[in-house]
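Note that subunit A is present in both complexes that follow, paired respectively with subunit B and with subunit C.
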Partner chain A sequence: MTTKPIGRQMSGTAIYLLLGLGGLVSIAPYLMTLNAAFKPQSTLLSTQAWTPAVPATWSNFTQLWQQYDMSGFIVHTALVAVAITVGQLVFTTLAAYAFARLEFPGREPLFWLFIAMMMVPQIVTLIPLFLIMSHLNLVDTYRALILPYVFGTPYGIFLVRQYFQTIPADLEAAARIDGAGTWTILRRIMIPLGRPILATLATITFVNTWNSLLWPLMATSSERDEVVTVGISALQGQFASQLHILLPAAAVALLPLIVIFLLFQRHIVRSIALTGLK
Partner chain B sequence: MRPTVEAYLLIAPSLFGFLAFLVAPVVIVFVLSLFSWNLITSPQFVGLANYRRMFADPQVWHAMLNTAYYVVLNIPAQTVLALLLALALNRKLRGAKFFRVVFVLPWMAMPVALGVIWNWFFDPRSGIIDHIFSVFGLTGPNWLTSSTWAMPVIASVNVWQYTGYTMLFLLAGLQAIPQTVYEAAAIDGATGPQRFFRITLPLLRPALFFVLVTNIIGSFQQFDTVYVMTQGGPGQSTTTMNYYIYQQAFQLFHAGYAATLSILLFAVILLVTLVQFRYFRKRTIYDFS
Partner chain C sequence: MFRSAKNTIALAAAIVSVGGLTAACGSSSGSSGGVVNLTYMIWDSGEKPAYQASINAFEKAHPDIHVTIDVAAWAQYWAKLQTAAAGRDMPDLFWDHLAYLPELAKDGIITNIADDVKSSNVDLSQYSPKLLAQWENGSTIYGLPKDWDTIETVYNAKDLSAAGITPAQLGALSWNTTDGGSFVQALQKLTIDQNGKHPNEAGFDAKHVKQYGIALEGSTGQQDWWDFGVQNGCSLQDKQYGKWTISSTACVQAMQFEQDLMYKWHVAAPGTVTNTPNAASLPQILAQNTAAMTFDGDWDLTTYQSSLPTGGWGVATLPTGPKGSGTVYNGLSDAIYAGTKHPQQAWELEEWLGSAASEKIVTDAGTVWAAIPSLDDGFIAAWKAKGVDVSAFYTGAQGTTMGFPLTISGTAFNNVVLKDMNQVWLDQMAPQAAASDITSVSNAAVADGS
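Up next, the complex of A and B:
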């Protein structure tokens, strides 16, 4: 049995090789983009595109900001993403609690209707949404971007309801005996104990909104409310080969999400482990 | 306040959003598919003309085949890679947490920004892919202007983005398998491959089912990467169904026809999902509640 430890060690090395390679492939595009964003235009299109950006230059960013309303794009996107995220957190928490804990006529059929609608592809709703928004005269406004998603999604309600169901019912019963109403139970029990899943929902919602292209592309047409995805795709259309403009823009669009992810990754990884199998 | 009233008040906002922006659009899309509408003037009732047109439109089948091709390139590669990484991370390893976070990082990336970055990577003059090829004395094809390579490139972008995310679900599945099952198998003298095919894989079915269903539904809706990297080209080689629907609705202003096409896409996604439910139900207890 003396061969066994060696065999184990070798497979350990192989595993680290696999993980190391996977990790490198995962983060290399981020690092290369960040590096390239700080390189002068002349070296970007040459064969030296991969060397480190020494000395680094801010000129690409100043040029991007001079030619484009990047601050505007980012502010619009952040406004829309924050509004939708806050709305979803509030309304999803309320609905998920009702579906998880309260008895009311029609609860089961309503819940299953919600679940069934998870299967509807986004494209099916987009043309009618455009129709609804143009009837309400909301096309090309923030409201058009926010309204369809601010009240929550079936997926979010499902996710949070599953989690609320794991919170011991005794806790709630005891609070009810002490005279606590639904609002107090939500504020004092469900929301504090549900923090991991709410952090996950917030991150998923923020990421999806920040990254979404198709609906903003349809719903906006002027620069005054364009979001960063639409802005970058317009940049790509105009400056297809102007990497010194495009790469800094891509870097700026990616960074906020990475920060959010690193802040919340503990919750996300854990709650996916909890809900992923059900 | 009576509990029933209270419950309805709690679900009221979500229910309103659900009815107004999800259920109503689904109803409207069916109605709209019977109309001809250019998004501006009032819609004209045309009966089933859009459906007849759809079945005679060779580009529909082309876009559907492209979509299927994309799914076939993307899903097996992504799932196998994710499974390998999950198996590696399921052992007691130093740095496992670090790798978990690193692998999930691509999931966050904005597809539009990614498109820009990957366009650069696959650029024949300054891209790193051709640079790597040249180190080995090879010359790459013009990836994105080649109708053969454009779709595999788009699929590989997606594999890069979602492998880590898929891995997380599979890892959760692996960690839910009780260790005692393996101990019992070891006593019975099961070999490594036997353990994998007889224990790990069957017990991983619920997690596999979940990632396959959700990833396939997502892949059928590919739009962003195509929009930024190839605009459906070269020729029609990367025109997916979603992109074709977008073109019909918002570039050619055939909103009624686009509604009909989105019903077709919906029907196909539903069919594929139902087939998976049937297939997996055989040996899986799928607990939704």
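Up next, the complex of A and C:
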């Protein structure tokens, strides 16, 4: 009788230990980055990554702002990320609603065709996309960064469509009886009820855009539209990396993402629970 | 009816907004208000300040040209360049490396500047002939030499004095394939296990070495076995753009010697410590005292300066091998995109960057050695002011040197050499087997490409 709860307790402890260990492994690189960002340049390479930064110094951060346009990088990235996120929210909502609820010929084939785009690796579309931007004379502009992603992605549309389908059709039918049109239904029923999934989409889009390196690297070539990932990657030379600038830059670039996650955390967790997607 | 009409309006609105977005975008171009914009792509953010200073001087003399420096790290540089090449939308000027020159030239992406050189009366004799020859092929010339680098010994001064070796003695060492020579003897003094024993003492524990005598690291061989190779009479190719000859005895002996340093003499850090691309960088290895010395290029000087105390490190010449002294000698140039919209202005920038005035700005800042030999004292003086004698690199450049191999099989060679040599440095492949494999794979790529 008494052995079972103890056994259960022990397995509970073991699970927590295991999870704790997993958590530690996941968070360790970030902590080491943060730690190393406060080390003076003279001890950065001569000590191990986990040796505490004593004495801690802000000089790397001041150098980062004096020698590099860090504020510029962050403003540029925020601009692009906000534009893409807002665009995706608007267009994805419209597309997902159409695919979930509106009846039109060829809806299903069109939807699956669209979803099939998820199978195409981004790297394959890189050169065609660059060619398009080059022909439109858009290389090295904000529009080159924003246009390819602002109208939604198959993944986002799939995510929101699946969620919209779980909203009872009866709600919509009742609204129609009360005289509501499609726009009213979208505005007053689907969007309020879809808030968790839209928050998830917003977070995923913002984080992906913030972190994306390959396309901004290819599409831009001057400091006036350089985003933070490109700015940081430029600090890694062929041989001599400027680690004392690179690490604080990476730490600073991480902060907005943490803020976003904390703000939307409740919605993200809820939407994962609701859709079973992640 | 009503609903579908609304949908149509929404759709139309969406189309109009998309059209508006794209239509508004057609205005950016290479020139505005009579000022031509050029893009100059480089891969080292550490060298940017010196080049920006040079560009500022250029813009002052050419108010009608504006130059943007675009820094893309080496890791992404060539991918970005190749994408831009596919899109026929490349930077007007960009740093070129000998490992990529042959393929760029073959694809017709870079400009042959021979005619411009002639019409602008550029004095080619001011450049180091060895450097200039690397960028010439018959009657073509693909860029004015902008700098050079050699590989020399960088040491930790404290470790050296603890072992009772002076920097002058370090530069006078020699090695051979039978007993290792005075080079191995010095490295034995510099190698210490956790009990304070040296590799030539009884009870030395090769599994727990506290400080290795040397750490050697290079993804192609430039900072390690190529240098032993040139000191042993090894040529990587039979001629420029020719066949690979790495499986020759002289080259295999050089690889074998380096492997012996690791596993026979136990004086060099093994591949588990130094295999690229994931190993700690050479300055890091020296700063953490994993090894007392290393072979490295002058491009890393700034990193040593910032991670070791002043006076805590120094530079000496490489050891001498069975066939004498020698080092790998390499340099970069600026390439002009063949499809640039502003060929005239791009040439003016090329001419400026290759001029003594511009190279002096960059060299006097201690950034890179100038391709114009008369300016090289400026580099030595810049480093002397920082308390470091870097003249060993200059000495190396004046002696026997091996250039970076010129081949259209660069991609194939880089892949196979990294894969096989990493096995050799882990003691999992014999040097002869690796050399044969590298030679046959690279020669097959040469045959395919021509």
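The rule we apply is simple: the second predicted complex is superposed on the first by the 256 of 278 C-alpha atoms of A that agree within 3 Å, B and C clash if a C-alpha of one lies under 4 Å from a C-alpha of the other, contacts with A are read in each partner's own complex, and residues count from 1 in each chain.
Criterion: a residue touches a chain if its C-beta (ideal position, glycine included) is under 8 Å from a C-beta of that chain, and two chains touch if they have at least 3 such contacts.
For clarity, every value in this text was computed on a predicted model and none was experimentally measured.
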item	value
Clash or fit (per the criteria above) of subunit B with subunit C on subunit A	clash
Touching partner for A:27 - first (subunit B), second (subunit C), both, neither	first
Which superposed partner A:197 touches (first subunit B, second subunit C, both, neither)	neither
Contacts of A:44 with subunit B and subunit C, given as first, second, both or neither	both
Residue contacts on subunit A - larger count, subunit B or subunit C	B
Touching partner for A:227 - first (subunit B), second (subunit C), both, neither	neither
Subunit B versus subunit C as contact partner of A:84, first or second or both or neither	neither
First (subunit B), second (subunit C), both or neither touched by A:242	second
Contacts of A:154 with subunit B and subunit C, given as first, second, both or neither	first
Subunit B versus subunit C as contact partner of A:130, first or second or both or neither	both
Subunit B versus subunit C as contact partner of A:121, first or second or both or neither	first
Selected from 24-32, 168-176, 258-266 or 276-284: the stretch of subunit C that, after superposition, runs into subunit B	276-284
Residues of subunit A at both interfaces, subunit B in one complex, subunit C in the other	44-47, 94, 102, 126-127, 130-131, 134, 147, 151, 182, 213, 217-218, 233, 235-236, 240
Subunit C-facing residues of subunit A, complex	41-42, 44-48, 94, 102, 126-127, 130-131, 133-134, 136-141, 143, 147, 151, 181-183, 213, 217-218, 221-223, 230, 233-242, 244
Footprint of subunit B on subunit A - complex, ascending	15-16, 18-19, 22-23, 25-27, 29-30, 32-33, 36, 44-47, 49-50, 91-92, 94-95, 97-99, 102-105, 107, 110, 114-115, 117, 119-132, 134, 147-152, 154, 157, 182, 207, 210-211, 213-214, 217-218, 228-229, 232-233, 235-236, 240, 243, 246-247, 249-251, 253-254, 257-258, 260-262, 265, 268-269, 272-274, 276-278
Complex interface listing, subunit C residues touching subunit A	2-3, 6-7, 10, 14, 18, 21-22, 24-29, 39, 41, 43-46, 68, 70-77, 80, 83-84, 86-89, 91, 281, 283-284, 287-289, 297, 299-300, 302-303, 306-309
Parts of subunit B lying in touch with subunit A, wherever the complex brings them together	3-4, 6-8, 10-11, 13-18, 20-26, 28-29, 32, 39, 81, 84-85, 88-89, 91, 93, 95, 99-106, 108-121, 125-126, 128, 131, 160, 163-164, 168-169, 171-173, 175-176, 206-207, 210, 217, 220-221, 223-224, 227-228, 242, 245-246, 249-250, 255, 258-259, 262-263, 265-266, 269-270, 273, 287-289
